[in-house]
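Shared between the two complexes below is subunit A, which pairs with subunit B and subunit C, respectively.
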Partner chain A sequence: MSENIKINVNGNQIESTPNKLLIEACEDSGIHIPRFCWHKRLDPVGMCRMCLVEIETPRGKMLVPSCTTEVTDEMVVDTESEVVKKAQEGVLEFLLINHPLDCPICDKAGECPLQDQTMAYGPGESRFVEEKRHFEKPISISEIILLDRERCILCARCTRFSDEISGDPLIEFIQRGNKTEVNTFPNEPFKSYFSGNTVQICPVGALTSTSYRFKARPWDLKSVRSTCNGCPVGCSTELNSSQNKMLRILGVDNDSVNQGWLCDKGRYNFEYLNSEFRLKNPLKKIDNELKETSVKEIYTELSELISDRNTNINFLIGTNSTNEDYVAFNEFAKNFPTTNQTFYLNDDYLYAGFFEQDINRATIDDLNNSEAIVIWAEDLKENLPVLYLRVRQAVKNGVKLIVFGHSNSTLEDIADFYYSEDIVSENFEIIKDISKLKGIKEHVKDKNVTAIIGKSTPYQLDEYLDKLVSYLVENSNSKIMNAFSSGNTFGAINNLDNVKNLRDFTKNVSSENTDLLFIVGSDPIGRSVFSNEIHRIIEDIDNVVCLDLFLHETSELCNYIIPTSSTLGEKEGTFTNIEFRTSRIDKLVPSPGQSLSDWEFISGLSNFCNFINNIDSLDGLNELAYQDFDNQDSPSFKNLDKPSNFDGIINDYQPNVSTMPNETITSQYFVGKKLYGDNITIRYSDSISLLGAKQFIEASESTIEKLNLSSGECTLKQNGHQVSANYVVNNKLADGVIFIPQNRRNFNRFDFSETIEISPNQSKEALNVN
Partner chain B sequence: MSESFGLFKGLKVTFKELFRKSVTDKYPKEFREKPQRFHGRHVLNRYEDGMEKCIGCELCAGVCPAQCIYVRGEDNPEDEPVSPGERYGFIYEINMLRCIYCALCVEACPTEAITMTSLFEMSVANRSEAIFDKSVLVVNDDGTPNTHEEQTKLTRFEELQTSDGWMRATSSNGNPNFQNVVNWSGSLGVGKKDPEKGQSLEEE
Partner chain C sequence: MSWNDSMIKQAKKIIKMYPQKRSAIGPLLHLAQSKDGYISDDSIAVISELVGITEVQVKSVSTFYSMYKQEPTGKYLLSVCKSISCEINNSKEIIDVVKDFTGLNNNETDENDLFTFEAVECIGACGGAPAMQINYETVEGLSSENTIKLCEWLKEEQPDVIIAEEMQDNFGGTKSFDWAIKDQSGTTGSVPGFQTFNTTKEKK
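Right after this comes the complex of A and B.
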């Protein structure tokens, strides 16, 4: 590392490191320089000129933009001189020439950098009496983003974000001079999975989101810091509510996880909390009809069923609960003989994973610090979107990227080596010797490697993943990240004993060996590839208790339904992410009706059955979850509530997965998940509900020709079940591979292990579906 | 001094007061003239074309020290706009039991939508009626304040005619020389008051 250098700012000596930007060096020492275009996570561009400061040069004092000037030793800087103040006033006056004064109706007003900095650094009065520039007021550039070009101050934050960070530059400057405006390309909407971030970093109200439009003003928002439980990346979020209604989710800059970014699903999938269709009262099925009942009555009936403790109980647990909930279930299950109870996680993709002692675990930051990244997992962009951003960032920093399989086709453009077709077959089998591959020889062997390993499709064999990982472990200094992709999977496998997956559920569970089935926050019938089998099994079992937010395909079949609080903003707890970082989930809004947290229900049931109950408080559960850890670094509430631990604490868990390995390939299709699906929560989140509604299949051009699909639409048929869908041309898929998204409406009812008849429809133009 | 004289001395006060002019009014049969700056109940004003002035910006709710105002904005319906511009006051409620009649909401309003009248008869039979919503607050088509039915008996008609509009301490359009200038723009015109001279000018 290079030596620290000293610079003089406003007469004070401050220390900095070479090659640092002046604005950043000043920020680190507590000297604020006003700015609009500069953002810590984006490349500097020097668009707005608000950060002008005076530095001493051999030719005298000179104004320079501090966001594009690197510090040098003995630099003398003045950020508060008269010249600087005059420059700032001038810049603001020019910015405000065309900026409309519609602050009273602008969503940004109150937290607007332009407002704040005009108050702090601007001229007191306007000299401008002419008519301002006018554009059509907000134009919708995608389903969730609105653009008001009048308000734009051309800072290029949104365009730089789309270009550098998310890699889908769909928003750009058009025209020149005083006619410059930011806009999307004609007939091409701003269809990015990360578009919500541009709204958050916009320094004015030019980009706003439809879900927050006119809902509240910043000064009447309550907020807490929490963790997103949408996928195992566990981004740090700030939840905002007003009048006890969740209104907005913002990304918090957690340096080692999400760096301030969120995916649009994590950001906008919250409106379901306020949905009128939320379950409010416990329901019981009498004569095939659901009737309202009381929790006490359900307790009474269940306690009769289980109090002899020889009942066979199975749990089908979703990934949307907190670690404390999982501990509660685990403790409850200990009341029964171990042979009588099993936990099944609501995840098609769960498998044993690589958690052995001799395998190094990777953190997300390791992506940046390694020499190469090897990926063989589900489509990261669709399933772990912020991890995809971190991979992109690492590649930008010069890390080599090696991608196996055709599931990560969005990474092909930036991958140094993309092993599809010839090396990884259409059924995800490695058909060549790994050690002879050029990319592996050059960049992996004996190098520092971070590997992201997971199943690309539920039907993939475990065997080849084992082969790749054992090669990496033996031949390189590798760290492995297990890419499970749904919710709090890592919290579940840490806190539940012997977790199995949905495939095991279909094989092991039947009405003969199950007296009572608990279904917790999961809709396997609605989204699993084993939907039909699970439907049959659940229908057969006599007593099914369901804890959920909504009535959906699975909960409708249950005998008892308990309304629960959502993990998003309605309960407290902890969340464990993909790198075993545990962070806090916090409560902001009350849950509707008689909703209970999962642990509250289970604790009440334990009490009712006179079981030994050590799960009677949230703090107690939290202690129970982390009792094996050293007190200092255990992610207990006490430790996590210290400001230095807000970003979470990484711990060394030993997960407990005991799935049966998948030994036969049973599907000829490439089945995967898309970011937006037909999930119940997305269906009831109005602003994004349409994004997951389109039904489509993907295939390369030649495959589509072989299928004789010449028009834009096709029909998928199997055993009388029929879905009409669009097809999307994706030439990055290998020949013969047909991608079917399992989480789009009605696709769950196909049996992917059998042939689906795909026939052309009447002619319509091919739609470009995201 | 005889004791009987003392009695008359005491009664002198009584007789003096007996013929003095009474300071009480026979309210509600008679009304007293209110001062020009009287802080009575609020109204929400309209433009000459009938559009509501309120844009639902919540600045009044934000500034209210008693937190008695609840406002929610909403997108203006395109075919039937309620107010000019993108946003309108979808919900507007004032809890009159909480209000302290400080008129800070009037000062904060960027569009002169909320003003105070000289009406103060607001007795209600139950608490929920004291929460005035848009159906009561928005002025009638002729610009007169909307009233609860019970109050109508108590309210003088002339007073309704002079109750739209209230002088603010600050000019809403940012004009620093607002004193002595009519700032009331685009209002229905009922009860437009003459500009006051302002304190500095009155002294002269």
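Right after this comes the complex of A and C.
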């Protein structure tokens, strides 16, 4: 590290690291320089000229934009001189020439940098009497984003974000001079998984989202910092509500995790909280019909059932609960010594191999600090979107990227070495000698490597992955991160003593060995590839208790249904992410009706059964979860609530996961997940519900020809089950490979390990006969 | 792809001339314009695929430069120069004459798609001012009468190919460099000086 340099700002000495931008150095020392276009995470452009400051040069004092000027030793800067003030007033007067004064109906008003800085630095009045320029207002540039071009001040934050950060530049400046506008290409909407970030960083109200538009005023919002539980990346979020309704989620800049960004699913998948279809009262099945009942009645019936402690109990646990909930279940299960106290996690991608080998765990920051990144997992952009952004950032910084997988992954465009068909077989096995591959020889062997390893499809055999992991462990200085893609998976495997996966559930659990089954916050029938088997098993079991937000394909089959609070904004707790970083989940809005947190329900049941109840408070559960840690670095509430720990604390738990190796079942299809699916929460989030509703399959042109498809639609058929779907031409897929997304409505009923008949749809004329 | 094989071949040749593919957008847009007379959305899609960037990025470049036409033009694009040399030599009158004859305002195309009129910045014919271009072929030393004759000729004859020399002979007046000192070596045509400084290269 080179030494700090000293600069003089407004007569005060401040220190800075060399090569820092002047605006950033001042910001770090508490001197605010107004700005519109400059953003900490984007490359500087000097578009808006708002950050002009005076510096002393050999030719006298000079106005320079502080966002494109690097600090130098002994630099003398004035940010408040008369000249600077005049420049700021001039810039603002120009910016306001074409900016409509529609603040009273603008969503940004109240938190608008243009409004605030006009107040603070503006001239106070305008000399512009001519007509302002007009555009149609607003136009929708995607299903979830609206653009008001009149309000745009051309700072290029959104266009730079989409180019530099997310890599899908679908919006750009069109025209020139005073005609310049931001727009998309005709019929090519801003279809990005990260488009919501542009709304957040827009310094005016030009970009708005359908979900928040006209819903509230910033000064009415209550807000709380939390962690997104949508996927194991665990982005830091700020939740906003007004009148007890969740209205908006913003990304918080957590340097080691999401750096301020969120994916659109994490940002907009919250409207279900206010859905009228939320369960409000406990339900009980009487004569095959669900009737409303009270929690007390359910407690009474259940306690009778389990009072002798010899009941065979099984748990099917979802990944949407907090760590404290998992601890509560774990403690509760200890009351039944005769059962094997196994928790089946609702994740068909989970496998144990990763935890059995002696590996060094990677953090997300390691991606930037290594010489190469090796990825063999689900498509990152679809499943761990913000991790994809971090990989992209590392690649931009010169880290080599080596990817294994079918040639369908979004990583293909940024990878230095992409090993597909020739090296990775249809069943996802590396069929060549790993050590002889060019990318591995040159960039992995004996180098510092960060690897992201996970199953590409539920049907991938464990041993294939183990082989790559052991190669990396033996031949390089590797750190490995496991890519499971659902929710608080890492919290579950940390806090539950014995975790198995869904495949094990279908093998081990039956009505013979289960008197009572708890299903917690999961819909395995609706979204897993073992849907049919699980359906059969659950139907057979006499007593099934379900804790969930909604009625869905799984909960409908249960005898008792308890409405629960959502982990998003309705309860407190902790969340553990992909790098075993634990951070706070906080509560902002009340949950509807008689909803309970998972732990509240289990604690109440313990009381009814007269068990020793050590799980009757959230703080108690939190202490239980982290009792093995040193007081100093345990992620307990006490520590996490210190401002220095808001970004979370990484812990070094050794989880106990033992899944059965998948040795037999394979699929001739490429089964995977897309970001938006037909999950119950997306279904009830109005602004994004349609994004996951389309039923489709993907294949290359020649494959489609072989299937004799022509009309754009096809029919999938298997054992009397039939779904009509679109097909999407994706020439990146190898010949003969058919991609089927598993998270689509009615696709779950297919058994992907068997053949599915794919035939052309009946033509429209034939359908119109009647 | 809406481009035929020979155009694609030409485009690939252009792309090869640049270290980065996207640097070829400019000449590729010219190629597109030479095909349709304007930059169509189809062409933009083809270019974006050829150089591997998104359509809107190509659109951004093509709308930045005013000489890439965004709309289809009529059969004859009448570009009358309005820059300083022509202005001094009465280009205003020429502009009015063309406007009157065609009934068009700046950047408009008539109903029959015959004429598009535009007043443009310098077309590099200051020596023969006032000047105009028909489909980018220059005619210099215009007078009002000759301009009307030229327009009438276009309207009546509707020639498929416009040739600068032919127009110059029939309707033009003083030409650039007619008055310049003759190039002694006789190697440079009407534009003395260019080749002696090696600023242009022989076509091969």
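For the reader, a short list of remarks on this structure follows.
Everything below uses one rule, namely that the second predicted complex is superposed on the first by the 749 of 770 C-alpha atoms of A that agree within 3 Å, B and C clash if a C-alpha of one lies under 4 Å from a C-alpha of the other, contacts with A are read in each partner's own complex, and residues count from 1 in each chain.
As a working rule, a residue touches a chain if its C-beta (ideal position, glycine included) is under 8 Å from a C-beta of that chain, and two chains touch if they have at least 3 such contacts.
All figures in this text were calculated on a predicted structure; none of them were measured in a lab.
On the superposed subunit A, the positions of subunit B and subunit C stay apart, so the two partners fit side by side.
In the superposition on chain A, contact of A:16 is made with neither subunit B nor subunit C. When both complexes are overlaid on chain A, the residue A:566 reaches neither subunit B nor subunit C. With chain A as the common frame, subunit A serves as the apex of an angle whose CA-centre rays point to subunit B and subunit C; its value is 80 degrees, to a multiple of 10.
In the superposition on chain A, A:102 contacts subunit B only, with no contact to subunit C.
Once the two complexes are laid over each other on the shared chain, residue contacts for A:220 go to subunit B alone; subunit C is not touched. In the composite built from the two structures, the nearest CA pair linking subunit B and subunit C is 28 Å apart. Overlap of the subunit B and subunit C interfaces on subunit A: none, as no residue is touched by both. Residues 41, 44, 53-57, 59-60, 63-66 of subunit C are the ones touching subunit A in the complex.
Taken together, the subunit A residues at the contact with subunit B in this complex read 102, 104-105, 137-138, 213-217, 219-220. Subunit A makes touch with subunit C in their complex at residues 168-176, 183-186, 188. The residues of subunit B lying in touch with subunit A in their complex are 55-59, 61-62, 72-75, 85-87, 110-111.
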